[in-house]
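Next come two complexes, and both contain chain A; in the first it sits with chain B, in the second with chain C.
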Partner chain A sequence: MSSKVRFSSLLRGSAIGLVAAFALASCSGPAGSDGAKTAAAKQVAAVAEPASSGAEPRLRLITRDQYLNTLAYVFGADVRPDVEFAPVERVDGLLRLGTSRAGVNDTQLELYQKTAQFVAAQVIEPTRRNFVITCKPANEKAADAACASQVLNRVGRLMFRRPLEKDKLAELVSHANSSADKLGDFYAGLAVAIEEVLMSPKAMLIAETAEPDPKNPGHMRLDGYSLASRLSYFLWDAAPDEALLKAAETGEIQTEKGRAKIVDMMIASPRLKDGLRAFFDDMYDFEKMTTLAKDALVYPAFTGLTAEDAREQTLRTVVDHLITKKGDYRDLYTTRTTFLSPPLAALYQLPTTKGWIEYQFPDSSPRAGVLTHISFLASHSHPGRSSPTLRGKALRELLLCQPVPRPPANVDFSALENPKSEHKTQRDRVNFHLENPVCAGCHRITDPIGLAMENFDGSGRYRTSERGATIDASGNLDGKQYTNVVGLAAALHDHPSLTSCLVKRVYAYGTGSQTTNDDAEMLKFLNARFEQAGYRVPDLLRTVALSKSFSEFKEAAPAAGEAKTASAVPATH
Partner chain B sequence: MYDFNRRRVLRGMLGGGAVTVGLPLLNAYLNGNGDAMADGRPMPVRFGTWYWALGIAKAAFVPNKFGAGYDMKPEMEALKPVQQHFNVLTNYTAFRDNAPNLCHFSGWVISRTGTAPMTGGNIPGETVDVTIANQIGRTTRYKMLTASADGNARDTFSYDNPTTPNASEVSGLKFYSRLFGPDFQDPNAPTFTPSPKVMVRKSAISGVLDDVKDLEKSVGADDKARLDQYFTGLRHLEKQFDQQLTKPEPIAACKKPGNLKEDTKVGSDVTIIASRHKIITDLMVMAVACDQTRVFNMSYGGNSATKAGFEKPSHTATHEEPWDTALDYQPTCSWFTRRAMENWAYYVKSFAEFKEGAGSLLDNCFIMANSDHGLARIHALDGMALFTAGRAGGKVKSGLHIDGGATATTRLGYTAMRIMGLDVPSWGTKSNLTSKEIGEILA
Partner chain C sequence: MKHIILSTQVSAFAVAASLALTAGSASAQQAAAQPAAKEGALGVQNRSIGYVMVFENRSIYQAKDAKTQCPVALNDGPPEQFKKLYPENGERTVEGTRLAWEGELWNPTKKELDVPYYEVQGKVGRGMNLDGKVGPNDYVDPDTGEKGIDNQIYRTVGCTFNYRDGQTSTLTPQWRRAAYNIFVIELTDVDSLQNDDDVTVTTYRGNDRLITDATGNEYLPGGSQTLDTRWGKRYITAFKGKIKDGVLTTEAKDLIMPAASVYAPRDGAPDILYRDMRFQLNLTDTQANGYMGGYADVWTWYYHSHKTRDSRHQAYGGTAGPTLYRALMKNADAFPDANGQNTAISTALDVKFVHVFVQHPGAQVAGMVNHGTQSAEAAATEARTRE
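Entry: the complex of A and B
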């Protein structure tokens, strides 16, 4: 066929090996002795945050979890619709960045309306209504403007993340009143107005607004309400609460002291765990766990519940290690402490548990850190077998921010013709890749890492042999040799890109912007601070949240007296 | 004939209060026999798509003969019972010109958008189903419906624009609820009671529209386009409310399916995918028959389909299964393609056996089907196979095998647009630009 390309021609025309090498080199960051790194960190920490490169103003589509977390705060934890929003594009390793591009079409609007209808109906249920509706209408069968106004003012403020304009509140109350009169029911009328709030783009899209920065003439910053939202979605994965909105209203959030107080309060709050879970769920690409399935003949113990619990296990471990125990981020990849549920216990070949329990793998166990969790092992495998390539690729891309080049399209695979019968293990099979220079370029990046996880099958269950042959799980990660996955975990722990990747992801996640070369100094500063803080993630979150770059805009301020918001394009309506 | 006519309903609603309701277009309704529109015009032609992954193996798929009465190779064997209802088009090419060959992506993107993508995940523009839906889908409850048997909402081949995929329905229960849940208006119900709640809900949308306009004052051009899209969605919602307030004309063929007892199973085994495909197809057929939509997308998927006890999913098999030189294809990969074709056969049969007026629902449909590659093993963008099904109200012949002569796959999308009444002189870009219909299938 015309598209069939022979190896020889590919070798002549392909630079895949070079591309791969470049991708690694460009993402690994400077590696040096610990002493040198510490000295560099001290030097950076001694100076102030670099001049802000600023972030872009964003119009972000709210995610499902942000929506649900916000509903729980505004309407009560039991108001939780069973809803899935449309998937968004993953940009630079994060779905969160895709929310700044995602559109909303007819189908999504229909979903928003149906969800709003469900939520409003729940809110006015007699058993629930006291949570939100704190006033009593004079007559339950008719409109009551005063009571409707009280409720809608609060709901609108929380859902729009800023006070309602008088005209908007009046319009909502008017709708509530006219609906109540027509339906002969105050609560039903109120529900219609609540639906309107929930369907509004001011609720479903997070619009950031700018104002001139009085402390930095000629520059723009997020206005107080936008800053409250950015902080809240970053740290809590929810809309700002009353306290944050109050701080925006009084201007406290724009003062150095006030902002620090607020950020410290947010980091100390139990709601931080929602924010951290959301971040790691995104960074670990756990969205795929919702559709993860295994061949029931090959892995009968792996069910849909296993996948769900595997995701939960890792997120519980993350929260416990990083927030509860205030642990070093790097230790997340070596810790033997985790959590187990009954379906997971079966796969981990442990006695069954009653519900979720904390569990410590013994020192002799091959399980150490997130790499040995079923979530990682099973989600980066095929339905019926493990995959050193997928596991190695995931480690590179998700944890070290090192993109692995796509395979060339027109390779003639006939030369790789197939696992022969004498190839019993995955190592035997993937060595085929390494024998071929075109494939080897990328597979050398991924396979030696993935092979260290071969003691776990495609469902994450431990094994020592494959088809009767003992598994060799040795390898190396960018020069560090190991003999098994525990050694890989230790090598990963010490890899300089492990922490710099997290810093990059956290900063992009918080600001909603993909990092660029302009952010290099800022990232260097954040890396140094992170190291100085003993790689404590809450400290990193605090540094990012308090940085000028978090709240300043890239663009210059408009001429004096000119009001400017968001992207500052003149109104067309 | 009925307790209410539309104007009586509107006059009588809400105790005779002063209300304004936009009247849906008369041509949205079918006559009582279901064989023509209420105003006597012929039944509408509906447009559908179907997708399967990983292409075909030429030796096992491409018939030796052309035209009518062609022979069927093993990969097409399951299609024998419905041979008269579809056309198979072979030897087509998705031209990438100077764009890279993005595996399992370029092929379908070119076929559905007319343009080769430059990077993975980059959809150059709206897909052909959206273009057609914007023309013919505005009078029905849903502009279009999109579903996948693959079990993943991301498995979609329909995009409003580069950043707005039409997420797939993957749950039978949720799809049922959306189509035939409490908001479904049975056109054949003996009584009709308009809901006062819907009326007040509709009036509340005006406030949301104002919010869109307010936000648009403070955003840049890209975000304004996103808000315009939001605005359009709200308008469509208003129209849905209008329809709920109006007694629908009866449609003889429309019968609300019974409640689903359990949801579609999670899993990638071909039997599970087939089970999901069947459930969702059955719902889709009835949705079309009940005139809930006139544009419908279905994906069988199959890229990650598994065979019980076989360790590799179908995609991995295309790269790692040995080439059987005697057969001239990869046997297990071909096995997967045959399963895909069984599902295509079910899809065609479901529309073909559904009575509508004097003929079948399929007689009034035009369905196009495509894949991502020709031979998936080498990610070939030539030697691609396409299908059409249905007679499009008499505009299309079926039962034929056509040789594309290595011309562009975009000819199928262009043909679809022309059949569906779009006045477009050409479609596609660079080598995929075409103004040539697949004339052999036109009646």
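Entry: the complex of A and C
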């Protein structure tokens, strides 16, 4: 029998009973919050979104960063295991959507257990235990049910993102007690139970549950804890904290004022940086940076450190521009302000100093915006040469949400890869594509864009010539002409699909659902609000987080006493 | 009481240092942003250019056949010499064997030792003509035919395994790679790297890690080095020089090379003092390769040699301190003391530098936005800050 476990199978186990029970438990009614700010209330009132089918509950596999961010909140930032989780499939431009199509096999379970064991051992270390273990056992060499219960109740609540059932808590305490007695050590026994919590399906799988919407008959809504989780993973890339769980427990999160207050608090929090970094890391397809390598003979200055810092450079630029400076999203593609580290500066061949510095390229520089970052240029190139096609394709797909068809299986690369080719520049070589009608269809939509980035080699270093020939970086983006990459950046800045693509990605990322034609009106509404807000991304996040479609969906209510539970989407591969 | 006074001094020193750092930080933040540098411009900028040392090795000429240089043998190491000096016959005491050896190692005497020590034979050797003369002990360069090469260290250690086949170059460069003993030169008043009658070469200790290429074995031009002008003052020396046909030559001056050893934390840093050191480097926008030549102070050179290599290195490298010291003193050829004993010995280093952007403390990086620096650690801490 295959050891691969489908999500649906997991749910048929204990998880389904648990989430159903919590769905019912959360219907205790909202506790009114009169502390919400007037401004926030006005903004909530201003939201007038169209009717939509909404986003159904999902079951998702937790990502590595979500897990680590949660551990940092629960146990402290220094408890950070060096671990990589299994990759998931990219769906409609986002790994986040792939987390609801993933499976869990025995290798992953071993990894989860190893990680949990490491963390539990860290937590009970004498230097750390006072942070998490807030009670003292009567005898450190024996079980102490009261103290174990106190600790496990808190840890379980934060890791499961909802209160523990009494039976589950009793089971965990029992395991802690029996282990403590066998090992003659209260803390060692407690570590066994903490490990159990950390690798539980309730921790590793994010299962959203829904309930009938009392204010909107015929509609369903996420229950309070599921809404808290959805908001938290959307904005912070971590499990909900105590404040969110409290709001879910009291029902405050289900009120307009209460939800607005919570969302505003989350957006004002420094943790928003984690959430924004996670989103752009996903949207920019930076996962590939972890394994990006270049031919050391062709690009000796490009090292593993360069790739790591190139990713960090762009993410720092994103956070600085969008959160710190509250900048226009479109300007992210034209800004000359960025960040430099020593390994990056060596590739740029610019002076710097220790650590990271904020850096301003001069107006005469060919660097302007994310397109000219090493992260984009190097990750969309070949190991030993640049690629106008890959760069153009990436711009279309990642930034404009315009899928480019795959090349035919019988494509002939010989003219491109011939080292003795008479064609000196990439422009000469890719023109071959345009002479071949089989290739031209797709290459016309990628190459003219990518050629504008030819002043940067495959490692992202600036150049003015290739094999002795001056590089021509002119081209056009959907009819807008330019002479170099700075012109391309300006054209991209003004391209209508740039902002609508972001809206689409943000909405899908937040709800965990691939957008469909049914979402057209909703996306139109979000685009309008984004434009009204001057393309400020925190405002877009707020609009999405407060929208009805973020937490409600239209579906026949289940029979009385029956809760709607997330269902797994069958893996298609 | 003495302890209390010391504590007070330390405390006051710490406060002063803290204030100095604070003042420096504020100053840096208030500095007007300088225009960004042009990307990829590694040559002379603002009439200056910096280089950082990435390779050094003693200039030891090795003939194809070692027997022409060392016809008898290579030198014995400590185990072999120990056996010969203190043979296992008769009554042996700790004082008369082990302690005697340690005494000769760290406080060598003039007593003759009844063990052989082999020096290089022949007239061929590499290095620089330091005194401008052609003397009876000088060498002839095997490549250029230049006469008058002064390199008595080559004579002294050329038949010792530790100094052959680049063995001696293995440790210090490794430390330099790890932001340790970084040696930077900055050329100022430069009009051209081809010909310039008057340039200044200033040496510094750098503070930053060297940047390696994708193989990890080569160093890249285009890195940056922040100069240590506070704790590394002793390494700062300015040389007047000139450039002719792309070759830099400088006047001779005493120079302390940063060569601190991780093996000698309690004894202080055994830097090497070179008397009348000078540079002869072929310059390009990205590299500076050639010689540094001068007279190594015998004691610091000897002490450094034994403090930066532990007994196992000396054992398998055939380097026995007592005989080495005697040979160094015998061949020393400059800076006599009051008794006429020369205290320094001619030597040359094969050196390679790569271009580096030099950052003077307090000066803002060109193009840096005025918020100052933020370390990766600080950023990570900030990223994990929780409400």
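As a convention for this text, the second predicted complex is superposed on the first by the 498 of 573 C-alpha atoms of A that agree within 3 Å, B and C clash if a C-alpha of one lies under 4 Å from a C-alpha of the other, contacts with A are read in each partner's own complex, and residues count from 1 in each chain.
As a convention for this text, a contact is a pair of C-beta atoms (placed from the backbone, for glycine too) under 8 Å apart; a residue touches a chain by one contact, two chains touch by 3 or more.
Because the structure is predicted, anything quoted here is derived from the model rather than measured.
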*For A:409, select first, second, both or neither according to whether it touches chain B, chain C, the two together, or no partner.*
first
*After superposition on the shared chain, which partner residues are touched by A:359: those of chain B (first), chain C (second), both, or neither?*
second
*Could you look at A:73 and tell me whether it touches chain B, chain C, both or neither (first, second, both, neither)?*
second
_Greater chain A contact set [chain C / chain B]_ = B
*Figure out whether A:216 sits in contact with chain B (first) or chain C (second), or with both, or with neither.*
neither
*Figure out whether A:171 sits in contact with chain B (first) or chain C (second), or with both, or with neither.*
first
_Contacts for A:385 in the overlay, against chain B (first) and chain C (second): which applies, first, second, both or neither?_
first
_Quick check for you: in the superposed arrangement, does A:250 touch first (chain B), second (chain C), both or neither?_
neither
*For A:296, decide between first (touching chain B), second (touching chain C), both and neither.*
both
*Which partner does A:516 reach: the first (chain B), the second (chain C), both, or neither?*
neither
*Once the two structures are fitted together, what part of chain A is touched by chain B and by chain C alike?*
296
*Once bound in the complex, which stretches of chain C touch chain A?*
33, 35-42, 207-209, 211-216, 218, 220-224, 226, 357, 359, 365-369, 371-376, 378-379, 381-387
*Where on chain A is chain C touching in the complex?*
72-73, 77, 241, 269-271, 273-274, 277, 294, 296, 299-303, 316, 337, 341-343, 345-362, 364-367, 461-462
*What residues of chain B sit close enough to touch chain A in their complex?*
14, 17, 100-103, 120-121, 142-143, 146, 151-154, 160-161, 163-167, 196-197, 199-201, 203-205, 207-208, 210-221, 223-227, 229-230, 232-234, 236-237, 240, 266-269, 304, 306, 308-313, 316, 319-323, 374-375, 377-383
*Of all residues in chain A, which touch chain B in the complex?*
1-5, 59, 84, 86-87, 89-90, 101-110, 113, 117, 168, 171-172, 175, 178-179, 182-183, 188-189, 192-193, 195-196, 199-202, 205, 207, 209, 291, 293, 295-298, 304, 382-385, 406-407, 409-414, 416-419, 565-569, 571-573
